[in-house]
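Take a look at the structure below.
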């Protein structure tokens, strides 16, 4: 029983980080109809900046703040300098459908190379902001630590903040309107291009937090966030790619599910487990768990 | 019709471009590849980036530093030794591609210090090192399969094999941890299985056995290792994996307050790298490990002292650790081998020189070298060491007790071998 | 048709002569080019003709590579049969994935195949018979003795790879100019309209996926031959990315363009090494410059010539002729 | 002249000219009905006037300032509001959110609240459904919501694209009555695009008949209704 609870808790901590990445992917998908594979790269760049600040100031939270700011800036920059240009040019021909996908891949590679050239390929680690010592339960300890609590708390705060922006502010309304019906939003006086850039910026900030949190417990390298991207994507697909709530639920389900596989079956099945979930969702419920019966083939 | 002709023309154009790009000037071959009047070109592929790079990425530069030192002091019979390093990211196909470049384009004389069991197996086979008669000196891997001189006629090992290491740890467990509950975490490939087989042959029975797949090591996976070890009540845990896996295991154990007696395999026990990976030094304190070389901090050792000086001057800003020590030592062995092959340097003479004179080469490791006409085995033994609170390494029991053995069924014996002295100023003068 | 055969035979003959004239490194690169040519053809067929994006062609190549290696190692069959099995296994796998892909195209497919490419090592590690991280050997053997001592292993690889590539391209080009090719283009243009004309668009998409996977599998086996090995690392994400780049640079819907794409892919590392040497031989430059060049090329070409430089050139030429 | 003056406006969709040298003018406070069959270019005209389509040439001025080339959001700020074809509401948002959207460009939120209150007064049925999703409204209610959203921006010039589309005859009548009422009450200038020619011309001051991208007739609505040739050719009865 203790193992079950322990697994649930760790799964929650893992899943909450996936939630941020999957939320970032969903935010961009909703506003731009692009699955942003560069999200991992953006998060990585932000995390490296956060790492640099955190290791110089020896204050993790300052690093996090910088990572958020960097994530927001990079996100906005990618949309402004990159996606806008792309959509202006790549509008016809056989590649028009695939251009955004390929472009974000290229961007991922570009950011990876830039990070590699700047920081090198060595593993970096960020001093964790809280103890990683597991809690004592009875006479043993469980591998659930202060850091995990902090991760879950941080993610909760970020999610609440994003939810507040989207549900309670005019900016949020503009973001939602632009996502659902860009033309109507435009006719209502919303600067949809600018709104979209803000959406990318929020996604970038959220991704930056994900990168910092996942790194606080592990190493940072130009490749270290690839798996986060894949699991974030799987979570987003579970949630239907459209729904922000769905993406968070999908991520938690995935995080807990994978941790159970990890603890009860074995390490090597974790990825296969995740991949099977993805294929199953695509085959059985391709619109995700939040779908209301409306088929949506992108 | 017009369209069809155009398509044909495109195909033709494609073919012409393809042909043109392949045509390139071929240089006339020298008397011996990679050797000129002024230079001896050597090559190595190693992981400079990626998951497996921490630690290993220092080896090439350390070798290079030593070669530069030798070059500044006259080189090898007047020839400068240059080392070309290529990044293989620890993946076999990159190792093959890069080795091809080294041999076919850069035309190196020999490979020195290639890393990784899977990589070298693949490279040896695909590039055809034996068929091309390319000397592959002082492999940085302990896979006992490479000690087959028939299959690897141009390769020479330097590390004691993983089988030897496991046999020596098994002996040590018998002598010092009898009756304890034992656990092992090992890398599930030739490297780990080589060791596991030797444990089995030596009669060591583990209560908890955890294989892991190379590349899957992370804090998350390490958490499951720790839960399994703790659940099995392992009091002594052998870690037979790479440094990143060892780092993850120790880090997570510290967090979970799980503190068995650690026995860390030689591959993953470099304290400097472990600490860079975030392992608290307190966890390393008391960990036991087989070691071949003296501690890199032991300045009373003539080799270490000399190498440290070279490192300060020729490899500035790089912390002197086991990897740097190992790299320098391979450099030292290589220069001795090149000298032993004589002024008229050929690949054949180099191989013959190591076969006939290699067992007498000076090397920092305490154990004897096993080179001969019939054996390409390098060092043949380990002593057990204990890590202290400073992350330093001291011999177990206060003084070096050297065990030697072989990769097969031979016994583990305590050896009284005395290693050759360091050549004056670290500059070999052998012939 | 007869003219086409003649051209392909001519190309083959030219390659044969070249193989004798260049040094061994170029021969090895030639074999790599042949491999990339097949792999890029599989992408052009899938993306350029049927409008589906797969980032997992590397994974499909792996399926073919493993299929060939398992056949050769366990059954001791002749080499050609191993290559055939590479096509068969990859096609079967592709048909399965294609069935899922037809339901979920677009970004879902891209993401799913990306996940497959990322997770390949984990899958190879899970099943012992796949040999884990070190992989399996794939040894097509030495060149026949009668070619003499001078005939190197790599020249043998080059011969086999070029021969396979020529046949594969010939067949692909015929498929693309057949009814199927036209239907695929119709679906890419407008799957609804095609549907109304009585085309089973999802069935045709699965077919495209199957054929493309078969080609990719063949390329995977050729890759395995050139490195004597199938290992998950050989078919990683980097390979999938490189292939997408090559395909975009080649002009994503131009089959002859794949030759150009293959050449670019083989020479990018060369160029970056030369550049790194010039800029000072920093480790970092060496390690990340190839990636930088690939990404920048990919981005520039997708923005400015999304349908490939070849396509632009063709348009340019088409505007000129006097009617 | 104040009001809307369109002079030789052409719009192209790639190679196709969807609108060719269209000219007409609407004085402030007038309602102009743009009549024509499907594909005549009516929607293209409105999209050009609201800034959605900028592949234009010629000129169009609103109160003596050019509107071609401006972005839709800038035109909204200048008092031009476009209710696009087909009940242009966002189904995923609530009724209230749809209304707020109409005033989202303002920095002053209380202005918007006041405007929403006025709209609710005009369409009491919306007031009862404020927190429901727009998805749950009937066709007529949606059209009211769409117009209401436009009114929240307190427009001077209202561009209405086929408000009758897909509605039951009884509801259509209601909608037209509402439009007529509104513009008198608020002093709006309205350009109403309709296929439903009779109903539109009945409430219009002027009529403009478009066919294949060109203006074929224009004049006082009452005269157009009475012209037998036009009736036969374009009004379809």
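All chains are identified by letter, namely A, B, C and D, in their written order; residue positions are counted from 1 within each chain.
Keep this in mind: contacts are C-beta pairs under 8 Å (C-beta built on N, C-alpha and C of every residue); 3 or more make two chains touch, one makes a residue touch a chain.
This is a predicted model, so every value here is computed, not measured.
Engineer: Counting one step per pair of touching chains, how few steps separate subunit A from subunit C?
Structural biologist: When the steps are counted carefully, the minimum from subunit A to subunit C is 1.
Engineer: Which two chains meet at the most C-beta pairs?
Structural biologist: Highest contact count among chain pairs: A-C.
Engineer: Can you name the chain whose C-alpha mean lies closest to the mean of all the C-alpha atoms?
Structural biologist: Closest chain centre to the overall C-alpha centroid: A.
Engineer: Using C-alpha centroids, which chain lies at the maximum separation from subunit C?
Structural biologist: In terms of C-alpha centroids, the chain at the greatest distance from subunit C is D.
Engineer: At what distance in angstrom does the C-alpha mean of subunit D lie from that of subunit B?
Structural biologist: From the centre of subunit B to the centre of subunit D is 78 Å.
Engineer: For subunit C and subunit D, what's the span in angstrom between their mean Cα positions?
Structural biologist: 54
Engineer: Cα centroid separation between subunit B and subunit C, in whole Å?
Structural biologist: Going by mean C-alpha positions, subunit B sits 35 Å from subunit C.
Engineer: From the mean C-alpha coordinate of subunit A to that of subunit B, what's the distance rounded to whole Å?
Structural biologist: The separation of the two C-alpha centroids amounts to 38 Å.
Engineer: Pull out every residue in subunit B that's touching 2 or more other chains.
Structural biologist: Correct list: 48-49, 213, 216.
Engineer: Could you tell me which residues belong to subunit C and also touch two or more other chains?
Structural biologist: 122, 125, 283, 287
Engineer: Counting only residues that touch at least two other chains, what does the list for subunit D look like?
Structural biologist: Residue numbers touching two or more other chains: none in subunit D.
Engineer: Under the stated touch criterion, can you name all the chain pairs that qualify?
Structural biologist: Listed by label, chains in contact pair as A-B, A-C, A-D, B-C.
Engineer: Under the stated contact criterion, what part of subunit A meets subunit B in this complex?
Structural biologist: Listed in rising order, the residues are 3, 10, 14, 116, 120-123, 125, 131-134, 136, 140-143, 145, 217-219, 221-223, 262-263, 266-268.
Engineer: Report the residues of subunit C in contact with subunit B in the complex, numbered from low to high.
Structural biologist: Counting only subunit C, the residues touching subunit B are 3-4, 7, 10-11, 14-15, 18, 21-26, 28-30, 33, 121-122, 125, 132-135, 137, 139, 153, 223, 226-229, 231, 233-234, 236, 254, 256-257, 259-260, 262-263, 267, 283, 286-287, 310.
Engineer: Under the definition above, what is the set of subunit B residues touching subunit C in their complex?
Structural biologist: Its residues touching subunit C are 7-8, 10-15, 17-19, 21-24, 26-27, 48-49, 85, 87, 91-94, 96-97, 100-101, 104-105, 117-118, 121-122, 125-126, 128, 131, 188-190, 213-216.
Engineer: Can you check the complex and tell me which residues of subunit A touch subunit C?
Structural biologist: Its residues touching subunit C are 29, 34-35, 37, 82, 85-86, 89-90, 93-99, 101-103, 105-110, 112-114, 116-117, 120-121, 222, 226-227, 230, 233-234, 237, 241, 268-272, 274-275, 278-279, 282-283, 286, 297-298.
Engineer: What does subunit A use to touch subunit D in their complex?
Structural biologist: On the subunit A side, the touching residues are 170, 173-174, 176-177, 180-181, 183-192.
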